[in-house]
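Next up, some structures in C-alpha cells.
Look for chain A in each of the two complexes below; its partner is chain B in the first and chain C in the second.
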Partner chain A sequence: MTTESIISIKDVTKRFPVGGGEFTALHKINLEFETGEFSGLIGPSGSGKTTLLNIMGSLDTPTEGQAIVMGKDISKLTHKQSALLRNMHLGFVFQVYNLLPVYTVFENVEFSLLLQNWSAAERKKMVMESLEWVGLQDIADKKPAKLSGGEGQRVAIARAMVKRPEIVLADEPTANLDAANAHTIIQTMKRLSHELKTTFIFSTHDEKVMGYLDRIISLEDGKVKKEQQVEAKFSLS
Partner chain B sequence: MIRFLIKGILGDKNRSVLPIIIITIGVSLTILLSGYLRGVMGDMIDQSARFDTGHVKIMSRSYAEDQVQMPNDLALLGVEAIKEQLASDYPDVQWADRIKFGGLIDVPDGKEGSKGQGPAAGLAFDLFSGVSGEDERLNISHSIVKGKLPSQPREALIGNDFADKLNIQMGDEITYMGTTMNGSMTFENFVVSGTIKFGIAAMDKGAIIIDISDARVLLDMHDAVGELLGFFEGGVYDDDKALAIAAEFNQKYAHDKDEYAPQMFALREQNSLGGYLDYVDYFAGLFVGIFVFAMSVVLWNTGLLGGLRRYQEFGIRLALGESRGHIYRTLIYEAIFIGFTGSVAGTIVGLSGTYYLQVYGIDVGDMMQESTMMVPSIMRAKMTPDLLYIGFVPGLFAMVFGNMLSGIGIYKRSTASLFKELEV
Partner chain C sequence: MKLAFILAYKNLIGAGLRTWLNVGILSFAFVLIIFYNGILDGWNDQARRDTIDWEIGQGQISFNQYDPFDPFTVMDGHGVLPEKDRKGLVPVLLRQGTIYPEGRMLSVMIKGIDAGQTALKLPTHLLTESDADIPVIIGKRMAKSARLKKGDEVLIRWRDDKGTYDASSVTVEGVFDCNVSAVDQGQVWMSIDKLWEMTGLKDHTTYSIITDGKINKVADGWNYSSREDLLSDLTRMIAMKQKSSSIMYGLLLTIALLAIFDTQVLSIFRRQKEIGTYIALGMTRMRVVWLFTVEGTMYSFLATVVGCVYGIPFFIYMSKAGMGMPEANQEMGIVVAERIFPVYSAGLILSTVALVIISATVVSFLPSRKIAKMNPVDALKGKMQ
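This part shows the complex of A and B:
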C-alpha cells in the first residue's frame, strides 16, 4: 500500500460454492485506490463488480489474497469490527434509495450518527449541513414517500456523507433516475469528493456516470481487463 | 436511539398495533380466567369452610374417623376447657360449636295422627348468644324463605322444600325422634319459626336447624360438640397458617392414647379439599403456561412476519454499520416496549372484567338444582393481588421471547448479499 492508498486489493480471489463445484467471481485482482479518487468499476453482469464492492465495503471477505481498507485487513476483522469500519469510514449508496419509510428525511440521515453517539445538537448540525450539500435542507421533515426519485437518491447521498466517511461505495446509483436527475446526483457526488476529499467508487453501466469518472476499471470474468485514467467528459456545473 | 426506536414503533402500525392487540387479548383472558377460576373454586372452598370444615376443625379422633355418619356417641367432650385453651393459644381464631344429628321428623295432624314423616338432617349452631357470628357466617337470616330465626328454646327452622313437601306452616309443631349421644331414644317437640333455603342442595334436603343449647338438651351433649370449627379473622383461609396451627395443636396430644382426644384438621385435610386447593393452583399455573406458549407462538409468527417485512430495514442498518448484536438488542427493546404496553392494557381490561364478574357473577342456579356439592348458585370471580402480575409478566415475556426467536434470522443473514438484496 502506498502512503496515499486508502484501499489496497492484493491478489484477491473470491470463489463461491455452486452446486457441487465452485464459481470464481474474482481472480487474482490487484488494485489501489487513493484518497479523493472518483473511480468506477464497469463490466457486464457477472464480471465481479458487486463482489469487489462487497469486499471493499467489508460486507464480504476474499477467499484468497488481502483487501486492506483504511489500513485494516478485511479478512481479519470480526463481524463487530467490520460493522465498526462501515459505520466510521464507509458510506453506501444503493441503486434503490432504501430510505426507512417511517422516518423523516432528517431522521433517515441522522441514523448513522446515532450509532456514533453524537450529541443531539451536533447531530442536528451535521444532518442539516449534509442536507445542504445535496440541496434538501428545506424538506428535512418530509417522509420518503413524499419525495421524487431524484430527491430520494440525494437523501441517500446525504445519509452516506453525513458521517464524513473517507470512502463511499455506490452500486448503480443512477439506474432508476432520468437523465437530468442522474447528472445532478453525479455532480453532487463529484463536488463532495472534490470538497471533502472523499473517495467514491462506483459500480455502473451508466454512460452518464462514466463521463464524470477520473478512472475506469473494466472487469470481465472476474479479472481486470483494462484500467485507465480518463479525462472527465463532464465537468462540475 | 430509544426515541428513534419508539418513533419507529409508533410510525409503523403493523409493528405495534397487531402485537399489542394480541398481547392485550391474551393478558386480559389470562387474568379473567384465573380470577374467575380462583373465585369459583374459592367460593366452593369458602362455602365448605363456613358450613362444614371451618378453616380448621377439631373433633375427637374416633368421631373424625366416622364423621360422615355423624357419630355423636363419639363427640368431643370438655369443650369449654378446650375453647378456653384455644382462645389463649390462638386469639385471632374464632371458634364455633357445631352439632350434626340425624333422625325422623313427624308432623302431627292435630287429631292424634300424623300428616307425614321424613328423615331429617339436623344442624345445631349457636343462634341465641348473639356473639357467635354464626348467623352472618352462614347467611341464615338472608336464607330464610318464610318466618324468622329461632329466638327461644324449642324453636326450629326447617328446609323450605321439606316444609312444602309435608305441608308445614309457621307455628306448626313438629316432633323430632332420634337418639342421644348415649344411645337412648329422644323425642322433642319444636315450633317451626321459619323455613330456609341455602341454595345448596346438599344443605336443603330435609334440614332442621336448631340452637346449639337445644341440641345439647335433646342429645344429652352437655359440654360436648360433634365438631368445633375455627375461623381466621377476616374470614380468609390461609393454608399455611391452618396447617401450622393444626400441627402445633396435634403435637400437644401426640402422646395421648385416648381415642376421644381432640384432633385438629386444616381445611385442606378434609373432604378432599386439599385436592381442590391444588387444583386451583394447578389450573392457574396451567393457564399461565398455555398463555405463554400460545402467545409466544403467535408473537413468534408475528415477529417473523415483521422481520420479513423489515428485511430491507435490517439490511440498510447492517450496511450503515450497525452490528448484528445491536440490531438484535434493539428488537428486544422494542419487544419490551410493545410487551409492556400490551400487558398494561391487558391487565387493565382483565382486571376490569374480573371486577365485573366479582360484583355481578354468573348465575348457575338453574344448573345446580340437583347438586349435592356445596356450590354457590352465583359463580363469581375474585380479585387477588397476584392478578396484577399473573398476565403482565407472561405478556411481557411472550413478546420478548417471540422477538428473540424471530430475531435469530439477523445472525444468519449474510452481509455479502446486501447489495443484491437492497437492489430489489
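This part shows the complex of A and C:
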C-alpha cells in the first residue's frame, strides 16, 4: 500500500457496563483503512459492527486501545474537537435515515454546511450538486415525511456527501430498503467513492451490499474473524 | 446564534398545535399582566389627579389638635393662623351639624371654604353668585343619600362657639359630580364667611389648602402636610392592589412557564435521535443545548408577537373607552372613577416583555442542560436516560 491509513484501529477493546458487571462488545480489534476504500464490516446482529463504527465516527471512545482517525486519536479529542472532526471530515448514513422532520430535503442536506462558513449561494450550489448525485434535485422542497424509503436514504447520502467528507460511515444503510432501492443506493455510493475518493465503511449483513465491497471484514462476538480483499461482484455500469 | 434562531423557529412552526397552545397561554399571561397593571396605573393617575384637584391641592396646613381620622377632634380642632402666614392659602373650617331633609335626620360635616377659591374644582362660585340666605353646594352622593337636588331648601342645625344650638334653612345651589367621596359623602359646603358668621368663629380654620407648593415655615400649633404625605394612603393602597393582582397573573405566568417546561422535557426525551443526529453532523453538545434553549425562548418571542396582534387593538380600545367600575367600589371611600382609563407606559410594556422572555429562557434552559450529559450513541439509539 502506498497510501497512508486514514483510519487505524489498534488493539481496540470496548466494554459496556451491564447490570453489575461488564460486557465486552469489541475485543482487541486491529484494522487499517486506506483512502478511497469501499469496505464493509459484516457479521450477525450483536457482533459489534455499530460499536466499532461509532468509535471510528468519534461518537464513542474505546475502553482500551487507540482509534486514530485522520491522524487524530479519538480518545484524546475534546468535545469541540471531535465535533469539528465530524463536521469537516466525517459523513454518517444511518439505518433509519435520521432526517430532521421539520426541514425540507434541501435544508436537511444544507445542515452541515450551516455549521461551516459558506455563503448562501455557495451552499445552494453545493446542496443542489449533491442532490443531483443522488438524483433528487427535483424534490428539494419536499419534507421527509413525503419521501419513500429509497428517497429518504438517498437524501441521507446527499447530506453525508455535501461537505465532501474524507470518510463516510454507513451503518446498515440498506436494511430498511427493498432490493431495487438497495442496489441503487449502494451503486450511488460506490460511484461517489470513485469520483470523490471518499473512504466508505459499511456495516451490513445484506448480501446485496457485500457484492459491491472491495474488502470484507467479518466480525463475530467482537472479534475480527476474517478479513478478505474481494473482486467486487458488481461493478459500476 | 442566527442559525439557532432559524432552526428553533422552524422546529416550533413544525411542531404545530402544541406550539400555538403554549404561545397562546403565554401571550394571554403577557396581555393580562399589561392590562391589569395598565388599569392600576391609570387608576393611580386618575385617583391622584382627582384627589389633588378636589380635596388636597398642593398640601395642607392643619391645626395640630385636628385629626382627620377622629371626628371628635373637629369640635376643638381649629384656631387662628397668624395673618402673615395666610398667603396663598385657602381657609377651610369644619363644623359638625345635622340636616333634616323630609323630616329625616342626617349628621353632616359642614365645611366652610373661601368661596372665591380656585385651588379646588369645587364649584364655590355658585355660592357667591347666589341670592339665597345661606347657599350650599353638595356632591352627587350626598344629594342621593339626602334626596336633595338643586334649588331644594333644607333645615340645618349647628352649634356656635359657645356650644349653643342654632338652626336655619339652607339652599342647595348646586350638586357637583366628583370621584372623591371624601369631599362628597355627608358633607355640606358653604362659604367660610357665612360659617364664621353663623358660629362666631371669625378667622378660625381647621386647615388651609396650599395653592402653590412652597412652604418654608409653619406657625406653632400648626402642622404642614405635603401633597405626597396626603396621597400616601392612596399610594399605599394601590401598591397593595398591585401586589395582590400580581399573585393572580403570577399564577397564570407560572402555568404558561410550566407548559413550556413540560414541552421542553418531553421534546428532549422524544427528540433524542434528532439530538444524536445534530451531534453526528458536527454540532457540539453545548450548541445543541443552546439550540433547545433558544427554541423555548422563542415561545416568548412568538407570544410577544401574538400578544401584540390582539393586545394592541384591545389596549388602544380600552385606553379610549375606559373600563366601567362597579358602583360598590365607589362607596368604599376609595377614590374610584366611574370609568378608569388604563395607562400603558413604555416601562410597563418593556419590563413585562423582559419578564416573560427571561423566565421563558430560564425554564427552557433548565431541562436542556440534560443534553450536555447525553451520550451521543445512546441519543442516536433513542435510549431513555
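Assume the second predicted complex is superposed on the first by the 234 of 237 C-alpha atoms of A that agree within 3 Å, B and C clash if a C-alpha of one lies under 4 Å from a C-alpha of the other, contacts with A are read in each partner's own complex, and residues count from 1 in each chain.
Heads up, the rule we're going with is that a contact is a pair of C-beta atoms (placed from the backbone, for glycine too) under 8 Å apart; a residue touches a chain by one contact, two chains touch by 3 or more.
Bear in mind the structure is a predicted one, so any value in this text is a computation, not a measurement.
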- Sticking to the clash and touch definitions up top, decide whether chain B and chain C on chain A clash or fit. clash
- Between chain B (first) and chain C (second), which does A:A179 come into contact with in this model arrangement: first, second, both, or neither? neither
- Query: So, does A:L115 touch the first partner chain B, the second partner chain C, both, or neither?
  - Reply: both
- Item | chain B versus chain C as contact partner of A:R86, first or second or both or neither | both
- Message: Under the stated touch criterion, which partner chain does A:Q95 make contact with: chain B (first), chain C (second), both, or neither?
- Response: first
- Message: Quick check on my understanding: which residues of chain A belong to both its chain B contact set and its chain C contact set?
- Response: 54, 57, 59-60, 79-80, 83-88, 90, 92, 94, 96, 98, 100, 102-103, 107, 111-112, 114-115, 159
- Could you please specify the touching residues of chain C with respect to chain A in the complex? 3, 10-11, 13-15, 273-274, 276-277, 279-287, 375-377, 380
- Hey, which residues of chain A end up touching chain B in the complex? 50, 53-54, 57, 59-60, 79-80, 82-88, 90, 92, 94-96, 98, 100, 102-103, 107, 110-112, 114-115, 159, 171-172
- Item | chain C partner contacts - residues on chain A that touch it in the complex | 54, 57, 59-60, 79-80, 83-88, 90, 92, 94, 96, 98, 100-103, 107, 111-112, 114-115, 159
- Using the touch definition up top, name the residues of chain B that touch chain A in the complex. 1, 4, 7-8, 11-12, 312-313, 315-326, 415-416, 418-420, 422-424
